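The same subunit A turns up in both complexes below, where it pairs with subunit B and then with subunit C.
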Partner chain A sequence: MAEFLQYTASALTLACTISLIATGWVLIYQVSEVLNLAQGSFLVIGGLMFVSISHDLGVPVPLAIVLTVALVASWGVASDIVVLRPARQVTGLAPIFITLGLAYVLGEVARSLWGPDPLTAPHFFTDRPFQIGGVLLQAQAIVLWSATLCTFAVLWLVFGRTLIGKSMRACAQSPRGAILVGISPAHMRSLAFGIAAGLGALAGAFLIPLSPISWADGLHIGLQGLVAAILGRWSYAGAAAGAAVLAAAETYTAGYISSAWKDAVWLALLIVVLLAAAAAPEIRRRLHAVRSARMVTA
Partner chain B sequence: MIRTIAAFSLVGSLSVAAAGCGTGSDDDGNTIKIGVMLSETGPQAAQGQVHRRGVELVIDRVNSDGGIDGKKIEPVFVDDESSPDRAVELARQLASDDVIAIIGPSFAGTCGPVQPLIEREGVFTYCLSGAQFEWTPHYFAAAPPPSVALGDIPMEWAAKSGLDKVACLATSDTSGDGYLGSLDSATERLGLDLSVERYASGDASVQTQLTKVKSDDPDLIFSCASGANLVTVAKGMIALGLPQPVFAGLGSVGQPVAQAVKGSLPEGGIYALASWIDVPGSMPEDQPNREAIQQYAADYRDKFGELPDRASADAADGLSLVLDAIRAGADTGTEIAEHVESIESFEGIAGTYSSFDDDNHRGLTPEKVIVRFTTTGAFEYVETLP
Partner chain C sequence: MLEFKNVVAAYQRTAVIHGVTLAARPGQVVAVLGANGAGKSTLVRVAAGILPAREGSVELDGRPLDRVRPHRRVRLGLAVVTEQKDLFSGLSVADHLELGGRNLDARTREHALSRVHRLFPVLAERSSATAGNLSGGQQQMLAIGRALAGGPKCLILDEPSLGVAPQLVADILRTVRSLADEGLTVVLVEQNARQALRIADRAVVLQRGRVAFAGAADELAEPSVLSSFYLGGV
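Moving on to the complex of A and B:
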């Protein structure tokens, strides 16, 4: 049992990180229908920038987190304005390739600014674990879990209760309708990029004391966020649930079957979900036909 | 879009062509051009950039001494971006520009793909990876033999220290496979108990794997991985309160990793097989090449403001072997290869090269120097195995 709970604690930490990235994917996709492959890069830049601000400049951790999120969010806004907005007329696969290029550019920028070696940061509190019910936990992991919960609460309030949040949702549902009521989809899209980048930065700042981050890590974690978003059918709550499923699949597979299979399992899960989604309309049509036939017979 | 890509490709090709023009020996014969193909960007950049430093130091020294027969060494640095495709493209370019020797590539993923091409072109190549290769006439490599450096010596240290149960945390790549291949025979020979867990290189956490390892209660955790994966293992050890010592894989023994892990040393400490260049101050008085190693360490600190490590020394020694051949009159890739094969003993910075022959193109005989990682990001000498 203790082993299961230990695995669950590891899965929870992974799920929190992925869910923040996945939320960024969903946000940008809903507002602009762009698949932003640079989403993982914002986690990397956030983590590395946090080390510079808190460790190198000696800024207190809470302020360093705020500064990191604000700075990386501005990078996100700039990415949209400088790179994506000029290409807004381009359709098809081109925007995906543009964001892929953006991911590589951001990676190289990170390498130039912070060097090729992975960086890590001291834990916000002690790194020594403490035991609860046979499970060893670190304060940093609990901080990450709490921060993720708080972030989702804030996002729920912003999207549900504020004008700006409702404007973004309006753009997601009907850009043309949003324009008619005076909302600028272009501005909302830039804002979505800023918030998504800020979420990535937040994940990076909380993760880097637990795990070293290097400039080349962006695509891998970004891909996990994408898979969680797909598993969650591109909804916010779904993406968080998708992150939990993905993290649980990876962790329990590594723990109970073999660590060699952990990546294969969550990628296989993605394939199953995509196939199921593709087959769903046909299944629904056939079920409907069967029901109709029964009604006629009756 | 297509025009942009085409423009970038053209610029890239022109820069490679410009970099490669007139290699081998320049038009007036005043310089000797050596190809240096490293991974200076991309995922392997940490290694590639350190390799470059080793090459630069040798060139500085040789050129300040007047070169070879009055000819200065002129390196043709090219960056393969840690990409196998790019490495093959650049190797073809260097070969067509009559470069007779290439130092690099930096790692197994780029070394392997260029081998057939450079062999066909007859270019002496000194790959800087410690991975296992099939030797061909012009293809040589740095570092000690994997079976010895990854398996025999670490396990001899474990057996000597009474650490009979070893858990290997290996990456799911060729690097991890290399460790496992070497460890199997070593643990069997020494009667040690070996268990294995795997993870993907670059994974954010290995706590799940370590939770499984913990239930086996091993005496030693062996980080069977390269680079900063050691930091992830160390952080996982702390998170789970594991008291065992860790033995770091050879690919993690370098300054970048020592700096990255210094704040995350587990309770039992981290040990590793190293070279004297990692602990030059602890070198015995009678160590061959002692003065040159200490001079290299001092030059490295002066030029780069950091401590040296074996990765840079591997590149430095590769170039020194090539220059030794050129001094002896070698003028082609084949002649350089024949000269290096015939070397009976060459004192380098990473150690002594004494086992080159027709069947073995990896000549470094490892010093059995065991070190411990310190909280200052340096290495501390522990012992030398017999």
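Moving on to the complex of A and C:
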């Protein structure tokens, strides 16, 4: 049981990280219909930039987090304005390849600035684990869980209560309707990129003390976020649930079977969900036909 | 005052509007009539900035709108209710009205909101309902209410009778008339000509993207005159 709980704690940490990335995916996709393959790169840049700001420059951790998030969010906004906005007229697969290119460029920028080796940072409080019911927990993990929870609470308030949040939701639901009330979809898309990049940076800053981050990690973690978003059918709550399922599948597979299988399992899960989604209308149609036939017979 | 001056508009290479000129003054309801495909909705899209005019211009109180970006036109006082209504299905009635008045200061916004609630009391009653859960008539009222919440000088309505029960259409059109009587400029694009003419001061009939008739609404009151335009006989 202790082993299971230990894996569950690890899965929760992974779920928090993936859910922040997945939320970025959902946000950008809902507002701009762009699949941003550079989403994971924001986590990498955020994590590495946090190390430079807090460790190399000696800036206190809370301020370093704020600076990291602000800088990476600005980077996200700039990516949209400079690269994606001019390409908005291009349809088809072009935007995906543009974001793929952006992911590689950001990866190379990270390698040039921070070197080829993974970096880590000191834990925010203590790196000495403590035990609860036979489960070893890191204070940093609890900080990450709490930060994720707080972030979702703030996002819920912003999207549900503020004019800017409602404007973004309006833009996601009907860009033309948004224009008719004076909202600029282009501004909302840039804002979505900024928030998504900020979420990635936040995940990176809280994760890097627990797990070293390398310049090459962007696409992998970004893809995990995408899969969580797909599992969650592109809703915010769904993406968080998708992240939890994915993290559990990966962690339990690594723990109970073999770490060599962990990626294969969550990718297989994606295939199953996509096939199920494709088959769902036909299944619903047949069930409806069976029900109708029974009613006629009765 | 809203003016279309020799507006030419096209979808890709196909011109749909060929040099349309019309004007709507404050306090007037101008009905834009015509059969399907006459170019009525295209004219609305040009005014909203969703489709740029290829030639000519649209002016609001003498100011050309051609270089004004679509979302900025609201701030100048132009409100458009499209045929599709373009509501935000997951947002509440209150959210729609809040977003409609987002460019106004608090006092003006409050004033505009109370006017919307006075005109359409059902929007106050159903303020927490999401747009997707409203009936067709209530959605139409919400679309008009959202446009009015921005305190516009000019209101363009595209087919407000579409998908709405006949009794409710009459109520909505009466409200539109009262808005014009309060000084609003109203352009009413309608396929249901008879109902539109009941509240209109002036009428413009479009045929294949050209103005086939422009004059007082009364002149079209005779059914045979009206039907001749719809049948393309004039």
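Keep this in mind: the second predicted complex is superposed on the first by the 296 of 298 C-alpha atoms of A that agree within 3 Å, B and C clash if a C-alpha of one lies under 4 Å from a C-alpha of the other, contacts with A are read in each partner's own complex, and residues count from 1 in each chain.
What we mean here is this: a residue touches a chain if its C-beta (ideal position, glycine included) is under 8 Å from a C-beta of that chain, and two chains touch if they have at least 3 such contacts.
All figures in this text were calculated on a predicted structure; none of them were measured in a lab.
Undergrad: Looking at the overlay, does A:Thr251 come into contact with subunit B only (first), subunit C only (second), both, or neither?
TA: First partner only.
Undergrad: Just checking: does A:Leu180 make contact with subunit B only, subunit C only, both, or neither of them? Give me first, second, both or neither.
TA: Only subunit C is touched by A:Leu180; subunit B is not.
Undergrad: May I ask you to name which of subunit B and subunit C touches more residues of subunit A?
TA: For subunit A, the partner with the higher number of touched residues is B.
Undergrad: Mind working out whether A:Ser52 is in touch with subunit B, subunit C, both or neither, as first, second, both or neither?
TA: Neither partner.
Undergrad: Would you sort A:Leu14 into first (subunit B), second (subunit C), both or neither based on which partner it touches?
TA: Touch partner of A:Leu14: subunit B, not subunit C.
Undergrad: Is A:Leu119 touching anything from subunit B or subunit C once the two structures are fitted on A? First, second, both or neither.
TA: The first partner, subunit B, only.
Undergrad: Look at A:Gln30 in the shared chain and tell me whether it touches subunit B only, subunit C only, both, or neither; answer first, second, both or neither.
TA: A:Gln30 sits against neither subunit B nor subunit C.
Undergrad: Of all the subunit A residues, which ones make contact with subunit B and with subunit C?
TA: Residues common to the subunit A contacts of subunit C and of subunit B do not exist here, since the sets are disjoint.
Undergrad: Which bits of subunit A are touching subunit B when the two form their complex?
TA: Of all residues in subunit A, those touching subunit B are 3, 6-7, 9-10, 13-14, 17, 90, 94, 97, 108, 111, 115-120, 122, 127-129, 136, 138, 141, 207, 210-212, 214, 216-217, 220-221, 251, 254-255, 258-260, 262-263.
Undergrad: Can you list the residues on subunit A that touch subunit C in the complex?
TA: Contacts found on subunit A: 163, 166-167, 169-170, 173-174, 176-185.
Undergrad: Where on subunit C does subunit A make contact in their complex?
TA: Contacts found on subunit C: 48-50, 69-72, 74-75, 79-82, 84-91, 95, 98-100, 102-103, 146-147, 150.
Undergrad: Quick check on the complex: what are the subunit B residues that touch subunit A?
TA: For this pair, the touching residues of subunit B are 1, 41-43, 45-46, 48-49, 172, 197-200, 202, 204-205, 207-209, 211-212, 215, 227-228, 231-232, 235, 238-241, 256-257, 259-260, 263-264.
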